[in-house]
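Before anything else, here's the structure in question.
Read from first to last, the chains carry the letters A, B and C; within each, the first residue is number 1.
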Amino acid sequence: MGTYVLVHGAWHTGELLEDVAAPIRAAGHEVHCPTIAGNRPGDSKRTGLAEAIASITDYLAEKDLNDVVLMGHSYGGMVITGVADREMARLRRLVYWNAFVPNDGEALNDMVPPHYVTLFDQIAGQSDDNSVMLPFPIWREAFINDADADLAQSAYERLNPHPYATFTDAISLKANPAEMPVAKSYINCTEDTALPHSATWHPRLSEKLGLFRLVQTPGSHELSFTDPALLAEKIMLAGRD
Amino acid sequence: MGTYVLVHGAWHTGELLEDVAAPIRAAGHEVHCPTIAGNRPGDSKRTGLAEAIASITDYLAEKDLNDVVLMGHSYGGMVITGVADREMARLRRLVYWNAFVPNDGEALNDMVPPHYVTLFDQIAGQSDDNSVMLPFPIWREAFINDADADLAQSAYERLNPHPYATFTDAISLKANPAEMPVAKSYINCTEDTALPHSATWHPRLSEKLGLFRLVQTPGSHELSFTDPALLAEKIMLAGRD
Amino acid sequence: MGTYVLVHGAWHTGELLEDVAAPIRAAGHEVHCPTIAGNRPGDSKRTGLAEAIASITDYLAEKDLNDVVLMGHSYGGMVITGVADREMARLRRLVYWNAFVPNDGEALNDMVPPHYVTLFDQIAGQSDDNSVMLPFPIWREAFINDADADLAQSAYERLNPHPYATFTDAISLKANPAEMPVAKSYINCTEDTALPHSATWHPRLSEKLGLFRLVQTPGSHELSFTDPALLAEKIMLAGRD
């Protein structure tokens, strides 16, 4: 069976993917849910993108993981793209789940609508450590629209302030994702409005992968909270050969 | 439990939403299905948009309804937007179901393709009371594509000629929907081709709401006939806090 | 009950639609799955589009089929459009399943992205009979993305080289499909990435039909292999009056 490494999105931790990991493990796979530098308890909120990427390449090296299906969610797409650039030999397939796909020189903020950049700038500017949180009303309506009010609230309370430099740092890549010699999949949740559907994840960002396998599922940007078993099933469809 | 007011679309009446109301009532909510002025038996087909809106604000006042989840279908989106402009204090949330979302000064006809405007102009011009009906072949293929022939025919026979002025009158609003201080949801039926998918309901019109909650479901523009229980379920997901 | 004629896509044969035909027959319909000239064992791979179309009009005439629901898949959309142009009187409805919809003077290659044309040109140029095959990695990821590896491989082995002239020949029509006096439906598989979703089947090509009935289903471009029973169900929803 395979080895899956699931890389979380902004404001999240690896622990929040454990309910997704469980059914994948039950199907016989090895699953890791590391937390990216900058989101671990005690991490500096001034962590930048290069350091975030290095924390996952270090994880793969420390555990000596090979033939890895490496999944990234949302901001995690920046991280797994960077990991593929540095550690291609350890990878079997990249899986993007409603994730950013950067070309060389792009920052996450280059791929989000201007009103989000303005909002993030403002929130980070008001923090004392250049971190951002997502206001609850936006998160509830646009990110976890398929949850009831109680789940939306309890999930929100498990998020942590995100190091804003990882959104503004441009990524440095030797090759763009479309040219990377590795299999690629994109999971698209059809009710994900974290990016507006007029300028959304798929196909706007997914097609930057070149040849890729599309897997779609009903669900919001936070399907890992609202239906982790469904997401696990889709990850296995995206991750198989 | 909550109070739902369901506002029908063009050619329809409130009675045609009773099969949708029933499962919402069964879940413990209070549900009202008023008929808009211009579509009630005996109403003048020269009714305009302001009068149509007033008939629903009057309904809310007469019944003294508060904390209302106000849903509008199709043309009903024009009406609920006008109601929100006049009677915000009575509302808890606006729910648009494949509905028009007007900004100040817009008419419904500003949001439909030119070939529909041409067709409507022609049909209204041939009527003796400035009313429009939708030709059956268009309704059967583009509006109720998920019905069998018998349901398409029997449902069509329950429609009534629509007062065309409500399509051509510009709405007058103190603020555009994106600025209205009320929660908003948009229900999108993914097989709704009443507007062509190249210039369709969501995200083209839904994003005029600013921050909103997206709920999607399989189904045509006339899901209230073809699967009222499914629509009821989606209305409750859209209407909850 | 009705008469269905199912016309396969490029690289396929009628035999590969038999698993789709079976449930339609079980529902009481007559179903034919002819193989288009150029794809039959022993056919010249220099077969052109006019000859391909003629092989299906000949089939309808030989069997004297009338009131036909004529379905075309992918390249089969070129063929059924040509058949409708020549043999309208035998048809009850056209059903396009993720199929090309040509106007007069268009070739299939006019509707695919430039990188596919470049690839096809290259492959046909390297053949000794102007035929094209689809490289397995592209077919596996972009055409049959919902299959497991074994099904993808075994299905691929049943394909045959396709006569490339049928992609490059312009079709000759007396009227464009939107003007053809016959009912039309379009079945869209929502995970079909055989054409990239930034320039895809529906609504880009489907709306060339003018008034048509949309039926959607989860699935890839090769749903006939991955879930023939589901496809059969959708064909019957598309084909009914």
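Going forward, a contact is a pair of C-beta atoms (placed from the backbone, for glycine too) under 8 Å apart; a residue touches a chain by one contact, two chains touch by 3 or more.
Going by UniProt, the chains are A, B, C = Alpha/beta hydrolase.
These numbers were taken from a predicted model, which means no experiment stands behind them.
Common neighbours of chain B (Alpha/beta hydrolase) and chain C (Alpha/beta hydrolase) (chains touching each): A.
Of all residue numbers that take part in the contact between chain A (Alpha/beta hydrolase) and chain B (Alpha/beta hydrolase), under half occur on both sides, making this a different-residue interface. A straight line joining the Cα centres of chain A (Alpha/beta hydrolase) and chain B (Alpha/beta hydrolase) is 38 Å long.
Chain contacts: chain C (Alpha/beta hydrolase) has no residue touching two or more partner chains. The touching residues of chain A (Alpha/beta hydrolase), counted against chain B (Alpha/beta hydrolase) in their complex, run 137-138, 141-142, 145-146, 148-149, 190-191, 193, 196-198, 218. The touching residues of chain B (Alpha/beta hydrolase), counted against chain A (Alpha/beta hydrolase) in their complex, run 183, 202-204, 206-207, 211-216, 237, 240-241.
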